[in-house]
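In what follows, a single structure is set out as structure tokens and then discussed.
Each chain gets a letter, A, B, C and D, in the order it is written, and its residues are counted from 1.
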């Protein structure tokens, strides 16, 4: 097992390198950061000065070699805009994103699996229809709607929650709730579908012949068999959250990585983009490794 | 009033707080005159014009030399005294190769040299002579001579407030100083928070989570008790490239101007109070020419002009692409769509392309990319500094980076006006405005915009034209 | 007669399908009392499993519908009790052993967990359950029971799974045990042990046993009474001896007449060329050696039977030859070319010549393909029989040959009984007209009359086209009638091999002798005699 | 020949399309969904031809007219937008680009993802490792950066939009497919197919794919909404589809500032996205049952009558 994880880690490291190289060159195809950092009426000398200062005037290949050299010494460069080490900026933001993603995903996973399984068990019934329609509306409604309506309702009209920002646990309720909705809707549907197939399997009959109660039949016998696609989709949704939740961060003023990433991309703050992708990619790779381990834990036939 | 702490909710996070970047509006709004002060200050509430701040007075010694007499007994927030060396260091820093200070651009073609006469007197020589040097001093925030040649994250200034806390992404806290040289402001501390969503900013003032939201949209500004509109010194226009066909023909440019129903935008897509523009600078600027008329909306005339041009062999069917930037100002997309439609209606082969900021920049500044036909750049220009010099060279001189024309007479007027002083300066600018507007028809000038802000009812504060780029806490009182 | 413990009265079950209603059970009535063993014999597809499912409340309603009848357990009608009440009875008072042990074990849990759950589901403490599981698993003859409990279903052989299922059903010492073909995959020695265990339990707890089986020997050995089902109906009922000696219904007569093991033993042809030569084939799973240096030769037109202990590596042998498992070492020469090292391309072209009927027919049929698609797939693969009409005819013909109806072609696998699925698998193997068919317990789920029909078909094909068979079976009667060579396997090794006559009449290896001795006779009187002899014999 | 069991097959057996339609009719939710989707598809096909001009005709002085007011004609029944254009007409016209982008992105992502997933799951360890790590790269490549790169270099257009969105959605299909293949290929019927001599492709497409297809379809239909909204946020940032082209996503993002004052601008297109997603999913739920022989009875007429 340990050996396997080690092997995976090395392979992931290779992907990380590929990713970083791609990002490095592709991002440099998208325009000149000097023009964006400096005011619109900045002179050419100022732009030149900016480029020289940040090494942007050198050939891209040379920049790349320098970057690699720095990274090997764990120096991820300065943010072009913030005059701070890019990695600091990113880690600061990630310290907000990570708990947000984890809390949301934890809630989503529990709620979606329970309701999805219940829907599958009552397939075609009123509970199934109810859960499906509600979750689907959640999954397809524009999230800024939900966010703004939530603010109007809970912060302005009812005054129960603060409009936005961070600080107290109360501040987290709306962002988590809004982020919750889409992955919840998606995963409910995937759980439902996968459970439907699994519930038709003969071992369910065995369990019933054994006199096992419905709840363990659903949540113990069948669910585990239905989990393969479910955890894959959970992984996909978690990856989206680990990449930052732009809308929610924007509306609720949540200082996470999503907004930072978008701003840095739009402003061509290359070092921050690189550092942000490095951090999110590491998180996503770790998650994917965990998911693959989960596959083999869940299904002994996959273990090799 | 017991609670004199306020919270200001801004639309954009700060990535820097360095004083030499204070001319960038999001930074200036927080530190300009609050943390760091300038030698001179432009009066935007009354009509006093240029006022003393850290310089008590100044005089033109001739030959491009200006003498500034500095205010005594001023200390920086780190305790050190303010003197002429600090002024000199400030400028050394602005022009340093090691920091890319924004304020340097205002001195692009002038060479400054300094001579410290005594602790509180400094002579500044500019080459060529800079008649508006004292005005330019409103743009340079003074830092102590210990400030390193790199961006600082804890700005030290002479202002009434110190930056006491900066949680990136969350808030910035300014606290009042006890040893400020001037009158103690009423606000004891200000916390700046950042929310990009206008609706949320407005809501925060409504729920009491914030006291001032300097920029909200017109749509949010629905409560007369708290919401104010103010001219925000931004001017919207369509930049024409008169090197391209078919806009190299003046009749085509005129047709563009007459094709647009400017009035129709006001009170609909743009706020009530928006004014039609005849110059690229707002009316509060020196030399603004009140005699100019906005081009009348006359689609028939526009069609006739096009026909005439076509008759002379101008290919008026060449594509005209309007390039606009998403998020440039509220409703920019709709405005651009409406403009496109109006141009199409009179027979232009117009199309619209909305782009993000980096791409917009490509089209906006020279060298302009090639195109079949031509491009009209929808852009917004901000000049709240009181003098057209900050605009005219860039926008109209044949060497200006965003200029769409190349006209020797315009170049000449700009150069002369820049060097002139007093009434002559105003007259030259006026002449330039009229010439550009009527003879050259250099661009499609559209609107002077208004901004909206929401101010809590417990505050006594009215936003001004400068609110866009600075928000002096000392101007805020409590009811 | 006093009120029976479990009485099924006038039970009728229909299945509604798109192509009409299937009357699976029609007015069936039977009952079983405490301490009694009722054998349900019958045609494959005659509704035995369906009626058992009805008792356990396992029918999917719809598409199934209980049209009439009642199922009385201790006087209560199980068709009327609430779901929850029924659930509490299941497993604890009435337990069931399913016909198809692989599908009915949950693939993702260890068998130990699944067996223990039988007790924990009814509120018994887990440690006690574990002790009992260990005891029972040992009793049904699973080697290394401690470790076995920690393994997953796919790591067991077909017979082992069946035994695990039996152990599971016995956990709570139920009052009624419904055993649906519980010994189809067991060799006769283990079968004897299992039957002994059932009897013992019956003596201990007065358990009523409903035994659904095709094996007349098993009936003779253990049953008290017999009902015979045909086409959904009960056609005959009586004591074992009565029915065996004086069958009244023509079907019963046919059934008893078809009991295998009475024909003449064939002599292997001596001059046929070798078709498959297996040389020192070995395979192990981790540390466990499933197959040790197996060597044998199969000539063209020969039928080679492989018998042996359950779990001795018979299926592994077949699967390794077919490259479904990677062999550790050894060769399998097909017409001189080694299958084990053959390039994938070459292998593909050989595939058509060797077909296999898997031990677990249900799992080997794609649930999303209709019977027609399943049978004709081989033709698609090898681009045979392009004419649709001809195909249709051939499918109908094949179905009829294995005792199914043409209209079954449009149904899907889940709509069939265990024996019917097995026949679909056989029809599929035959469709390609291969040169060798590997049959892994291919007729174990068939009642003896259908079995006889299928065996006759296979034998006919052998004569006509020279098809060879590698025939894995545990039913010595069938082997005796069908095979001309026999291999005996034990613990991964071939312990004995030779012409059928020699192996049956002059067995050398002690295991072979044990095996033959344990064989059951369909005649209840003979069995009773043997039992007596065994009891009086000095141990 | 033994007569096994009797069936009284109904005389008028339904086959093929009529059978499917009958099954559709039995699930009323799915039936309504199918009708809704049909309408949307028709709008997408003919909308721009018939209503293109109406949808583009501005009237600044009659902007943001509220919905349910018939005085300005049927086109304004859902209100007018911020340029005074009829929302209803715009919705209909926008259906085309919307559907092209969403369907294009989802289908290409699903096809490519499933294909690579099948290969990764079915082939040896090394191929699998390679494909999966590549998927990791795509998965952690921020979609926004991809959008900026592609649209900056190639310009915003419907095909480029499809490209961007499709690439970002590939990993989910790839990973799901692979995970399922790993399990399905261990099943006995796959081995039975191997024995019959089925080629890899046949095994993959005839035996494995049908088992995992329902899961893929479920995800794909959910992705429809996801893609429409993703396209909306890209438009909002200035790197997606831009006016004068219209999509529902663009309409949603343009209506965003008016949420408090003219709710109908963002509401109707948002509702269309929800309705489309809902319909697709209800239909895919139906399909999951209809295509599974073991579940199909749920949709077949139950009472063929017993005698």
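Here is the rule we go by: a contact is a pair of C-beta atoms (placed from the backbone, for glycine too) under 8 Å apart; a residue touches a chain by one contact, two chains touch by 3 or more.
In UniProt terms the chains read A, D = ABC transporter permease; C = ABC transporter ATP-binding protein.
Here the structure is a predicted model, which is why all the values come from computation and not from measurement.
Novice: Please report the minimal path length, in steps, between chain A and chain D on the chain touch graph.
Specialist: Counted as steps through touching chains, the separation is 1.
Novice: Mind listing the chains that sit against chain A and also against chain C?
Specialist: D
Novice: Between chain B and chain D, what distance separates the C-alpha centroids? Give it in angstrom.
Specialist: Computed value for the inter-centroid distance: 47 Å.
Novice: If you average the CA atoms of chain C and of chain D, how many Å lie between those two points?
Specialist: Computed from C-alpha means, the inter-chain centre distance equals 46 Å.
Novice: Please report how many Å separate the Cα centroid of chain B from that of chain C, as a whole number.
Specialist: Their C-alpha centroids are separated by 88 Å.
Novice: Compute the distance, rounded to whole Å, between the mean C-alpha positions of chain A and chain B.
Specialist: That gives a centre separation of 39 Å.
Novice: Multi-chain contacts in chain A: which residues touch at least two other chains?
Specialist: As it turns out, chain A has residues touching two or more other chains at 30-31, 148, 152, 266, 299, 301.
Novice: I need the residues of chain B touching at least two other chains; which ones are they?
Specialist: 199, 356-359
Novice: Give the residues of chain D that touch two or more other chains, as numbers and ranges in rising order.
Specialist: Each of 148, 152, 186, 237, 259-260, 292, 294, 298 in chain D touches at least two other chains.
Novice: Go ahead and list every pair of chains that touch.
Specialist: Every pair of chains meeting the touch criterion: A-B, A-C, A-D, B-D, C-D.
Novice: Taking the complex as given, what residues does chain B use to touch chain D?
Specialist: Listed in rising order, the residues of chain B that touch chain D are 198-199, 217, 219-220, 222, 261, 264-265, 268-269, 325-327, 330-331, 333-334, 336-338, 340-341, 351-359.
Novice: Contact residues on chain C for chain A in the complex?
Specialist: Counting only chain C, the residues touching chain A are 53, 56-58, 87-92, 95-96, 98, 100, 103-109, 114, 117-118, 121-122, 152, 154, 168, 362.
Novice: For chain D, which residues are in contact with chain C within the complex?
Specialist: 1-10, 13-14, 19, 186-189, 191-199, 202, 206-207, 210-211, 291-294, 296-298, 300-306
Novice: Residue numbers of chain A touching chain C in their complex, please.
Specialist: It is residues 201-203, 205-213, 216, 221, 224-225, 298-301 of chain A that touch chain C.
Novice: Please give the residue numbers of chain A that touch chain B in the complex, ascending.
Specialist: 30-32, 35-46, 49-50, 52-53, 79, 81-84, 89, 92-93, 96, 148, 151-152, 155-156, 159, 162-166, 250-253, 255, 259-260, 263, 266-268
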